[in-house]
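Shared chain: subunit A. Partners: subunit B in the first complex, subunit C in the second.
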Partner chain A sequence: MPQDYSYFPGCSLQSTGVAYDESVRALFALLDLKLHELPEWNCCGATSYMSIDEGSAFVLSARNLSLAAQAKHRDLVTPCSACYLVLKKTQDYVEHYPAIANKVQQGLQAEGLPPLNGVQVRHPLEILYNDVGLDRIKHASVRPWRGAPIACYYGCQLVRPYCDSDQQQNPTHMEEVLKAAGIPTVDFALKTKCCGGSLTGTIPAVGQRLNYLILKEAIRKGAGAIVTVCPLCQYNLDAYQADIRKSTGEAIDIPVLYFSQVLGWAMGADAKALGLQRSIAGKQTIKQWFAASEREEKAHV
Partner chain B sequence: MSEEIRTGVYTCHCGSNIAATVDVKAVAEYAAKLPNVVVSRDYKYMCSDPGQDLIKQDIREHKLNRIVVASCSPHLHEHTFRTALAKGGLNEFLFQMVNIREQDSWVHLDKPAATVKAMDLVRAAVCRVALHKPLTKGSVPIRADVLVVGGGIAGIHAALTLANAGKKVYLVEREPTIGGHMAKFDKTFPTLDCAACILTPKMSSVRAHPNITLWSYSEVTQVDGYVGNFKVTVTRKPRYIMEDLCVGCLECIEACVYKEGKFVDEFNMGLSKRKPIYIPFPQAIPQVPVIDPETCIDFKTGKCKKSCVDACGERHAINLKMKETTEIIDVGTIILSTGFQVFDAHRSPEYGYGVYPNVYTALEIERLVNASGPTSGEVVLRDGKRPKSVAIIHCVGSRDEKNNRWCSRVCCMYSLKLAHLLKEHTDAEIFNFYIDIRTPGKGFEEFYQKLRNEGVHFIRGKVAEVTDWAFDPSEEGKLVIRVEDTLLGFARRIPVDMVVLATGLEPHADAQEVRRRFNLTCSSEGFFLERHPKLAPVSTFTDGVFLAGACQSPKDIPDTVAQAGAAAAEALALIDAGHVEIEPNTAFVLEEDCSGCRTCIPMCPFSAITFSEETKLASINQALCKGCGTCVASCPSGSIVQNLYDDEEIFAEIEGVLSNA
Partner chain C sequence: MATKLNFSERTIKFQREADPEWARQVSEHPGCEGLFSCLQCGSCTGTCPLSIYMDYGPRRIIGLAREGFRKEVLNSQTIWLCASCYSCAVHCPQQIHITDVMYNFKREAIRSHLYPKRFAIPVLAQEFYNVVRRNGRTSEFLVVLRMALRTNPLILFTMWRTGLDLLRTGRLKLMSEKLKHVPFLPKEDA
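Let's look at the complex of A and B:
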């Protein structure tokens, strides 16, 4: 029985995070989960908008929720951690703060949209963990893992402050899901530390320092790659490695992937369908890990 | 009845407690005009002797036969004023108290409105008191035997105090030995005397005392009855070794087919292994081993050669067929001293307990520094190495919005003690991370000063996390404490070998079950609630049941022992009085109206109502009834009446409060 969800990709998944969009769609298709992209979706309201003009940001965000409330499938999947957080925050604030609820209500009425109710904002990782379940993931994982162990990195927005089913201080869903797919992981104490956020753009020295700490600790723990749930985390950790090599003199070159990419691979998807060629750092490693086993499979057939 | 009602009304200022918010004079003047009121006065302190004398005098001079006092809560002074009535020659129940302090002046800001409210309440009392009838108090005898539940230091001290006073005491303990948490400690703060040295002689005294019946490995499973006459069921779990036959030679343990311990030793907090047949610690009382059926081969497969039975030989103390038994005892009073449980450090995942092997709880360190502990007092890490640096993190699970909000009171001092002992055992560098250091106790602040002189570091800041994330080579292989040092004003990383979590105290997981069994109430965090936080700290709302120790709130050994002594004294006071007076505000069944429908029986929260198969009528035990009125309201035929709360009185009060002029 296929399961159906509304889908909110958000802006990152159409720009720096195209690989995330591709791999989530590929992974969900393999698991017989149907994603129905929300028609006419707009900006989620995002963190920067929120800090400049909170009122308008809530209205923007609420418009998406209102669209989802009219859609056939009221579970709204969004892979981007920022979208996930902002959508959930909007629901929370509309519920608890009458002033914000009024402003949102006016905004929606101006566009003739119904109020937002009954929508569940969900993250693909949480869907894999709860709706699909570890057993099904185990059965669906057909490719043996040939790469090195992985450092699972959650960043901040998925688990703080809203954390639906995982532990806030020490989330473990990603490790559990990867383990079910036969992918080994390392203990990674920095799994919820700051990736640098937008500081990589505004104060690069501080932002890159934060990137560096995470990359370095993952390597120290014996991880061959870092896997993330957030397009901003992925971009920050992936894109500045050349700069970091220059500033620290350390030979840091480690792939930074989406959890959906490695899981999609384990379940038999094509490397290109998962956007694996789009990564910046660790190209050699990616080539080895995600090609060698495919050759073997061909030999097998 | 053609008695002329002559009511006196007395409105109290309570210094400025009432007078600041209620116009007391206006209330008194208003009351003077109410029906039946002959005298109305206001006075600065009605509870004082001159205040009470006013009432007595007026009863005589004005032939008063009803009294209303508008002052504080009846909890505080109802008894005072009833006594004044009695001394003035009036039945003490021809009295009504109006609470214009806790329910009026203390909770309102608007003086005119508060004054109107006081007038309304006084008017209600004047209306209802006219219908009061003279009543007499009942009395029930008190049995002299006492049940003490929980054999930690609180229970031990209470039991010995009562036994020394010549009372027969049943001491029930759920573990195989008495001693509680204190038996696990190494030294005690701030004097650093050895916990075992001061505790074990008291444990032996319990065993030897002719007035104490000790039932270890047992639990109270049912409590019936009421103050003076409790009927208590105690379930005794099978320990598979008969206490009356065992001499405590422990040869059975030696003989067990397991040559080495293989199972988690609960007493040593899992830091060592025990056999399926074991004694928790060498000075355990009773000095009788116990067999754990979960791990014993004979229980699991039936295929053990039973070398323990052979070793016991002629004594035949081992009985593998032993069954659970129950004892039913009659006691007059009960002391609950069931203690606490330690906060589970897994619930604060940021501190890495269960993730990093060298993160310990304070109770584990108590065992580690203890000469009779798993390492014979050698403080070593899990890999056998001696720590060169130790971090002690205060307030784990305490003063924490995510976990328990209260201060556990003992952790600062036991952390200081452990800092001293760890320094003494290892000469390691010790860091204490604290939010506030709380040392209010005799010799406590001096002990803190002593630790500072010993060179222990104190860093003020709530630790963010314990991590193995190594920043540079000096942190490699260490546990890194990340903390904001709020005195220096910046974030620090401090690498250490060992982390000690000062876990807090919380109510037992089954405190709610115990609460229901003994008919107690709990405060919001789940500790058993005392009758009054200042003036009745060991009594409960169930007469005849007293509290001692950390089951009431976290407390240290000196306070626990003091409270246990107080609980024993309260029990003795009841026993020596020989009987207890019972309030007459109880409910009773009008037999001619009762249809025997039994609706009331399950309603009674005190199990005070029984159904007689002979008469087919319900009847209410006057000693058990607490006057809550639930049965009165539930009775479909209106055949249950409650003294002081019959329909006429309640309606008069309602009409009084609503008939604002």
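Let's look at the complex of A and C:
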């Protein structure tokens, strides 16, 4: 029996995070989970919109919740940590502040949309852990892992401040899911340290410093790659390694992947279907781990 | 090592310069209720990944705010450096939603034009806001481009390599997307 979910990819998953969208879709298809993209979804507002105007920020993000309330499936999956947080925060504030609830209600009515009741905001990682379960992941994982151990990086907004199913200070779902798929992980103390968010674009020196600390610690722990749950974390850690090499003089070149990419790989998806060619850093390692063993497999058949 | 003292710059604050009424108004805003329950323990500043770059740490911002030092708070770089990682909020023993308090200050700083000019962070937020209101979705490329043009166009030269990498890997979307029906959003705060 396939399970069905509404799907809210968010703006990042259409540009810098396109590999996340590709790999989540591929992974869910392999597990017989169906994603139904919300029609005409809009930007969640992220961290920036809220910095300018609060009232309409909640209406903006509530519109997506309302679309999901209208849809057939009220479990709304969003892979992006910022979208996840903003949608959850909207539900939280609407529930606790009547003034905000009124504003949102009026905004939705003006758009001819129903109230946002009964929607459950969910993250793909939590779905894998709770709905699919470690046993099924273990059985579905057909490829042996040829790569080095991995550092699981959660970043901020998936676990803070709304953390429904994992432990907030020391989340472990990603490690458990990867382990079930036969992928070894390392102890990683900086797993919920901030990557700097949009600071890499606004004050590069500060943003890149935060990224450097995370990359360096992962390497020091013996990780061959970092795996993330957030498109902005992935972009920050992946895209600025050349700049960081230049400013620090250190030979940092480590792949930064999505958890959905390595899991999809373990379950037999193509490297291309998972968007593995879209990584910027650690290209050699990625080739060695994925493209080469894919060729080997084909030779055996 | 002798520290050079600057006698012309006053480092203490006088009560009469504060506006306690403003502090009271802040504390009535959704999410900011905890303002007066702060213990000044410094857990927020200790856990903040950006406090070392701030002019005031989050603890001092809360301290200044609850006394009513409006101008110092709204003029600070601190409120803009906050990257919304929520580390302070989850570590606060008084459960103050410090991140949301910072958002409240950001909005007031924009409304009253008190933010540091040509500072990239508030400009990025404004451009993001404008693009989303116009198109219903954001475009990373457009927002960053407009931010650079408004603050320091030369920064574009330091971005070319990243841009090229993104273009090569199919991750840079140059065209921005516009919804068929862009949601109508009443402007209330701004």
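We adopt the following convention: the second predicted complex is superposed on the first by the 301 of 301 C-alpha atoms of A that agree within 3 Å, B and C clash if a C-alpha of one lies under 4 Å from a C-alpha of the other, contacts with A are read in each partner's own complex, and residues count from 1 in each chain.
Throughout what follows, a contact is a pair of C-beta atoms (placed from the backbone, for glycine too) under 8 Å apart; a residue touches a chain by one contact, two chains touch by 3 or more.
All values reported here derive from a predicted model rather than from experimental measurement.
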### Query
Touch check for A:L210: first (subunit B), second (subunit C), both, or neither?
second
### Task
Give one of first, second, both or neither to describe whether A:R220 is in contact with subunit B, with subunit C, with both, or with none.
first
#### Entry: Which superposed partner A:D187 touches (first subunit B, second subunit C, both, neither)
first
#### Entry: Touched partner set for A:V121, first subunit B, second subunit C, both or neither
neither
### Message
In the overlaid three-chain picture, which partner chain does A:R278 touch, first (subunit B) or second (subunit C), both, or neither?
### Response
second
### Task
Could you figure out whether subunit B or subunit C reaches more residues of subunit A?
C
### Message
Under the stated touch criterion, which partner chain does A:Q167 make contact with: subunit B (first), subunit C (second), both, or neither?
### Response
first
### Message
Which residues of subunit A touch subunit B once you look at their complex with the stated criterion?
### Response
167, 169-170, 187, 189-190, 213, 217, 220
### Query
What residues of subunit A sit close enough to touch subunit C in their complex?
11-12, 14-19, 40, 42-43, 45-56, 59-60, 63, 85, 93, 96-97, 99-100, 103, 106-107, 110-111, 156-157, 160-161, 168, 193-194, 196-199, 201-204, 206, 210, 239-240, 242-243, 277-280
### Query
For subunit B, which residues count as touching subunit A in their complex?
348-350, 355, 465, 467-471
### Touching residues on subunit C, where the partner in the complex is subunit A
30-31, 49-50, 53, 81, 83-87, 89-90, 97, 99, 103-104, 106-107, 110, 120-122, 124-126, 128-129, 132, 136-141, 144, 147, 155, 158, 161-162, 165-166, 169-173, 177, 179-190
